[in-house]
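Naming follows writing order (A, B, C, D and E), and every chain is counted from residue 1.
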Amino acid sequence: MILLLTLTLLLPLLGGIINACFGNHLPKPMPVIVANGAVIGSFLACLGCLSSASGDGLRVTLFTWLSSGSFQADVGLLLDPLAAIMALMVTGVASLIHLYAAGYMQDDSDQTRFFALLNLFVFAMLTIVLADNLLLMFLGWEGVGFCSYGLIGFWYRNTENAAAGRKAFIVTRIGDLFFTVGLLWLFALFGTIGIEAINGQVAGLDPTTITIISLLLLGGACGKSAQLPLMTWLPDAMAGPTPVSALIHAATMVTAGVYLLCRMFPLVSLSPIAMGVIALVGVLTALYAATCALAQREIKRVLAYSTMSQVGYMFLAVGVGSVSAAMFHLLTHAFFKSLLFMAAGCVINLAGHENDIYLMGGMRQRSKLVAGLFMVGLLCLAGAPLTGGFFSKDLILATAFAKGDLFHQAIYVIGIVTAGITSLYSFRLGYLVFAGDFRGEELPDDLPGLMKWPLLPLALFGLFGGLLNLPHLFGGYSWLSGWLNTDTDVLHLSLNSEYLLSGTAVGVFVFGWLIAHLRYRKFVRRESGLISAFLLAGWQFDAFYDRLLIRPFRGLCRFCWQGVEVGLVDGLIEGFARTCISWGQALRKMTNGQISNYLQGFIWGLLLIMGWFLLRAVA
Amino acid sequence: MIVPMEHLLILSTILFLLGLVCVLAHRNLIMILIGVEIMLNAVGLTLVGASAFWQQIDGQIMVLFLMAMTSAEVSISLAMVVYLQRCKNSVDIRDFDEMRG
Amino acid sequence: MTATLLFYILGAITVVATLLAIIQRNPVHAVIYLVNSFFALALIFYLLGAPMIAAWEVIIYAGAIMVLFLFIIMMLEISPSSDPVRSAPGWAQWVPIFILAIALASCTLLLTGLDPVIAEGLPRWHASPRDFGYALFKEYALAIEIVSFQLLFAAVGAFYVGRLEQKKSQREGSS
Amino acid sequence: MSLLDLQSLLPQLILALGGTTVLLLGAWVQNRRLWLIVGMFLALFAALAAGVMEPPLAEVAGMYSTSLYARFCTVLWSLIIAATLLLSCRYADLHRFGGGEYAALLLFAGAGMSLLSAATSLIGLFLGLEAFTLVLYVLIAFNRTDNRGAEAGLKYLVFGAVATGFLTFGIALIYTASGSFHMLEALSGLQVDGVLRPIGLAGWAMLLVAIGFKISLVPFHLWTPDVYQGSPAPISGLLATAAKGAVLTALLPLLAFMGDAASEIKNVLWLLAIITMLAGTFAALPQTNLKRMLAYSSIVHMGYLLIALLVGGADGGQALLFYLVVYCLATFGAFGVITSFALETGEIQDYDDLRGLGYLHPRRSIVLAAFMFSLAGIPPLAGFFAKFGLFQAALRNGYPELAVIGVFVSLVSVYYYLRPIIVLFMQDRSAYQLRSGSYSEYFLLAGCFIAILALGIYPGPLLNLVAQVLP
Amino acid sequence: MTADTFTQFPVLSLLLWLPLVGTLLCLVGYKSPQAGRWLALGTTTVVFALSLLLAFSLERSAGWMLFEDYSWIEPFGIRYTLGMDGISLLLIVLTAFLQLVAVLISWDQEKSPGLFFALILILETGIIGVFLALDLVLFYLFWELMLIPMFFLIGVWGYKRRVYAAVKFFLFTLGGSLCLLLAVISLFLLHGEQTGTYTFALEALKQTDLSFGQEMLFYLCFMAAFAIKVPLFPFHSWLPDAHTEAPVAGSVDLAGLLMKTGVYGMIRFAFPLFPSAAEKSLPILAVLALIGLFYAAWIAYLQTDIKRIVAYSSISHLGFVILGLAAWNQTAWEGSLLLMINHGVTTGALFVIIAMIQRRTGTREISQLGGLWKSQPNMSAFFLLFCMASLGLPGLANFAGEILILIGTFKSHAVWAAIAVAGVLFSAMYMLRMVQETIWGPCCEPFDKQDLISREWLILIPLAVLVVWLGCYPQPILDPLREPISLLLRQGGQP
């Protein structure tokens, strides 16, 4: 078991290292095989040790990474139920996406780099998932950031791609700062960074401290999960290859923030304020992103905003105190969102590498299978009844509703409105892409099989993901909550309210669909209005941050450089040097070659000495 | 007693400074050398006076050495004058300012 | 009393003659005035009981050195008339220098005057040539040797410096 | 004057009589190299005699001491004279020096210097000082094809003559006050209850002017760069090292004899030291002529040495002598390199002419750089320990302000010491190939270099020696 | 071979003077480029091997693992005292390693290679000497001995503004050193007056009774020298110029080693000698370190010369190191020393890569660079790796040190640590900007499209392995540091 667990983590690393170091020297399909093999192997290993994950979980300490004084950070793995379910999802989805990527990247000359980074990403993600201490988790945390950076800018020849990668790295790093401080604080408080140890000791801590630390952790989570206010990087991150978007920016990395909060839930849950803030951030992000998604023109950006929005739901779930709801939505979302992304990749390929949905349309005719799969994904996203997405989202909203106070009521309302908008933009996307006739330039392109078949299992999971945690209402028994030992999460609402809630959900879904149907069934080219431009630009947050932060920052840098460094520091030094030289020049003028001048030096000197002596003698 | 020692010192100081003035004021090398001779004579006067004051012969002997040294110096100086005159056709010290700075 | 009077008279003569010497623009005149000054100084030496020094003052300074000066002046034909502006300083130069000199003199004299010993009188005293010779050759024999070496090497140096450089004069002649 | 007297002054006798002999024989045998080499060996003999022979008398004729200190100085100056002669071999050929005269004059200068350092009487001091000053007048102007030499000679002559006037007037005043020429009596006669008498002060003022001229303290320094620039490089080396060193070594006992009463004079020296260090340093900064820069550097170093003089006692003496030796080695070496770069048409002095020379003549340039670093006081060269000893002495004896100023000055001075190095090695080449130096020059430069390095790594023996010879 | 073997034999001296022997040989054969190269390579290899041998065979202990003491300059009370503890050992191994790298990277030096390698080797002696000397004057000698070769390396073999940079470097560092010298002498005199034994031995001088004023004064003088070398914020002006204009070996040595000597001087000399002054100064030190940390990062963000970016990044990182020292506890100090070593490796590696880039493109201006991954993927990959290490990616070298510093600092001064965390962000900003403009983006066509040649592989692979190893398993580095650091901290007195 221990070996299997270790293998789960190390196989992707090994694959990544092999590809990174020797990939270019291996014969053509080998890098792909190595990468896929590693990830699939990892998945199998994970499956293998799943059985031992229940209860206290399985733990391995490989070696001591850092130790100094009382500080000790091991490379230690912990496979508890939460980690296990997450690890399984990560490896599973990653395996499928790797397979997909093998098809997607088959013509790319740089595929070794791609697969190396992808493997490394899986390794880093698994590190987050499996780490038994915060520092190791942080290693994975930054590791996924780096891989994301490398993969977003994979097609580096285009400056914008590389810039998008950089933006992602830096913005998430702002969040990481909070995480780091939180980590330091936790260590200072508890003298350990072990996750279980911390969670075990939190009771009885000063509430303010807990609130602040929880908010710091939230900051970290916001950065990684593209939540308000650190969300601007995610839409730009779509510059990366589609499998990357599917894996990193939909299924796994962006959910790391949720995972972190779930991991630290015993701590976070102690602070009502922090919980409220988390819920608020989540729901506001959900709303914000959903509105933005309404106006996007690029297919992947729509999906990106929708990801942001869905992750917002997960935050909301954590914020209202339901880990299982969060994890439930995380899982279903992982399935249908990666499905959507990969299908979008297919669509883009079919449309002749065209991203703009206004230039698509009628894609249904080009590949029925892809259209079907895409629609499955969309239905899940929109929360069509009985799909995975429906159940998971519903659970979150129900939990929020169940809290009952005014704040949560308000959150519930926003959440349900967002659900409507979600339905609207989902069907907008569906209509724009698949309905009508093809509006772009004709460019037949057949899809490799590898790009299609991995979608099928994801579609199945998406559709039937609800079964994982089917509520009692529908005859389920909340398996996930049980597995996670969070039975407290299981709602015990009255049947009436359950029906009411489900009904409302179905209602908003239908409402959104109807509006989309009316408006987008037939493509009409419209001038984009002010509001849609505003939404298209993501509420102008980029411009706002540019004004608020980046320009003042550059100004500050310029001031430091030109003002302080060149002007003050160097100026002082050079001024001193110049003064010395000018004194030298003045003294130099005294030696003008004239003997009589020189003699006067004698006389003045003598007068000086004599005068001094005279003064002394008189005194 | 002839005069107070002080008066003799006054005389020699005046002479010495007259010599110095000559050195400072003139630009003609010969006059400068003459100034130096005046200064050295003033020194001789002081020494002779001191010799009398202490009633010792050493002061006078020092004067002798001074004279000998002066003549040696004058011989070199005047040879130098000749040499300079030949170099630059001038004994004006203002003409010798090739090196400066 | 006569000696005292004589001292002041001679002193005055010395100072006046020296002053006249230094303000001359013609070096020949200066030398002549200076010879006067040296003669007066020699008499003072004699007054102070140094007959040997007095004699040498006349012989070496007034005789040898001044004549050497005259000789060189005439040999080099340095005459003030050729360029009167350059050869002698004008009033503008004299004034600051004299002021400086007076300042210096007052400093020196004030300083020496502060010393009580100096106020004592000079006794009458006479050092005969015999005493002089004894002291010179018994106690200062080594010094005499050194001085003689000095004279020798000075002569060599003067000869070397003053000698016509043949190569150079040839080069100049040819150019 | 007895045989014992002569025996006691054997080194000086070798120098003076040897000089005379060389002079006489030189008139017959017109071989320049021969007389330079003979002169060098005579100087070496003198050094040997001073170093090895135990003099029978402690004081000769009441004028010169034969103490270990005096002998040490004699060895030092004789060696410098020998080095100058050796260094001049090729230079003399280039400029057709009269070999016999040159050697003879230098030897006599050596005698004068060693007498000056050994003087115990003011007359002796006067005679020694004049002996080598007179000779230097001639030596500076020795290159008669060079107008600059004449100008330098003139400048040194005028100032030397005036300084002689001041020196003798000072001596006369001191004699007037104390009635003795013997230093110990004269200087103790100057004080009443440990306080200097006013007339003594006047005398010292005159003396200080003269000494200030000789060792070129600010403001009596203005002649220095001109004279160094104009005189033949080996003679500049001699002027900067032995001629100054001899005066300093004479001044050390002079101040020591004063005892507590020296404090008045030390006040003035303190002031002179500060303005000398500062003015010398700043004036050196814009120089673009190597010899002039070295002249200013020598001025600054004299300022440093004044610190050691001020400190006095065993500490100061040790620091002074060690510093002096190291300074002499480096400065003489630097002038040696200039000599070795000299051409028939003149010396290479301007930085412009040195540009990139480090790659044409790497050995000499590296050695020059080493001398510069030593002068700047950068370890592991001897200059560092010299400064180290000096600052230590200053700090230990209550002159922290001088140490601080010294440190500041040595920091600024690094700039002008680096400039020739930069010019030699770090600028694009504009220099032209010079002739390769002669073996005598190489030998000498190597000697100086090795000494600088060895003293920088293991200065212990010299320090011990210096501590022993101090009176 | 056991530790006893070493105590019988003056192995420290051997380690110290071996490079100098190499120098002399290089100088003898300075006309032949081949001779210089191989001699330098041989010498540095032997030194490296010897240092590794020591590292593996010596027992860890708190005190001196090896110690040598001989009489040297008696009249001044100066002795030849060398001692090695864990800190020195590690820094010497680093020195030996980086010098090897410096020699290899300068392999095809065209301008007077013999002299060049001779200077590199002298420098090695100087640096090793600084890390070993326990007599203050001996220390000072080695401290200054580093100056001259570096001056020439920059001034002769540097780039366009080399003379300016060389002189600035020389004057700055010398200025600090002279303050140090004055303080050393004064301390020596005071100690001598108190005890009657005049000595420069570090251990003896620690016993000197000083009034607080004196202690502060001396401490400031010491710190002036060390702060300039490090360099701490207002004293850093020499560094960007020197790093930028120096030839690659010079930059590697400057960043990798010379800056470390400053920190080493602080922990070995300044703090233990003047504990109460040090204690008082810690907040100021921390503030300066923080200012430097941010200030340099901000300036680096705008630079257009990639070497200058790395130069400023060095200032920033050393700010981190000093912050750790100011935190004054075991963890932070271990972090500081670890970061020092890590920074040496990563920054050295970055300079090496920059040299390779410059050789291929002829420029270091980011406006003229770009898209190098296309033509030189391997080189670019290494570049990316080292940049990531430099910006503190966990799992690579710098992070381990930084996090230890942060943890240690947070324990004593939470606010400092919290502020310092932000520095990591800015380092990401300038590093990523550099990466972006260099290896990503549209292509600039390098005139030499050659990817890494075998000698370059030979240099980069060990560096890369080290960068990863130091990031993933720094424990072997931390272990020998533990005891010496706690000893030093105890001597300094826990504030």
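The rule we apply is simple: contacts are C-beta pairs under 8 Å (C-beta built on N, C-alpha and C of every residue); 3 or more make two chains touch, one makes a residue touch a chain.
Predicted, not measured: the structure shown is a model, and the values here were computed from it.
Steps from chain B to chain D, minimised over paths through touching chains, total 1. Of all chains in the assembly, those touching chain B and also chain E are A, D.
With chains reduced to the mean position of their C-alpha atoms, the one farthest from chain C is A. The greatest centre-to-centre distance from chain B, using averaged C-alpha positions, is reached by A. Among the inter-chain contacts, the highest number of C-beta pairs connects B-C. Comparing chain C-alpha centroids with the centroid of the full set of protein C-alpha atoms picks out E as the closest.
The distance from the centre of chain D to the centre of chain E, each centre being the mean of the chain's C-alpha atoms, comes to 43 Å. The distance from the centre of chain C to the centre of chain E, each centre being the mean of the chain's C-alpha atoms, comes to 70 Å.
Taking each chain's centre as the mean of its C-alpha atoms, chain A lies 97 Å from chain B.
Centre-to-centre separation of chain A and chain E, using mean CA positions: 37 Å.
Shared contact sites, meaning residues of chain C that touch two or more other chains, fall at 100, 104, 108, 111-114, 117-118, 140, 143, 147, 150, 154, 157-158, 161. For chain D, the set of residues touching two or more other chains reads 123, 127, 130, 134, 137-138, 141, 144, 153-155, 158, 162, 173, 176, 198, 201-202, 205, 225-226, 287, 415.
Residues of chain B in contact with two or more other chains: 5, 9, 19-20, 23-24, 27, 33, 49, 53, 58, 61, 65, 69, 72-73, 76, 80, 83, 93-94, 96-101.
Of all possible chain pairs, those that touch are A-B, A-C, A-D, A-E, B-C, B-D, C-D, D-E.
The part of chain B that touches chain D in the complex is made up of residues 5, 9, 12, 16, 19-20, 23, 29, 32-33, 36, 39-40, 42-43, 46-47, 49-50, 53-54, 56, 58-59, 61-62, 65-66, 69, 72-73, 76-77, 80, 83-84, 87-88, 93, 96-101. Per the touch definition, chain A reaches chain E in the complex via residues 20, 24, 63-71, 113, 135, 138-139, 141-143, 146, 149-150, 153, 156-159, 161-163, 166, 169-170, 173-174, 176-177, 180-181, 184-185, 187-188, 554, 556-558, 560-561, 564-565, 569-570, 573.
Taken in their complex, chain A has these residues touching chain C: 603, 606-607, 610-611, 613-614, 617-618. If you check the complex, the residues on chain E that touch chain D are 30, 72-76, 112, 115, 137, 140-141, 144-145, 147-148, 151-152, 155-156, 162-163, 166-167, 170-171, 174-175, 178-179, 181-182, 185-186, 188-189. Touching chain D in their complex are the following residues of chain C: 108, 111-115, 117-118, 139-143, 145-147, 149-150, 152-154, 156-158, 160-161, 165, 167-168.
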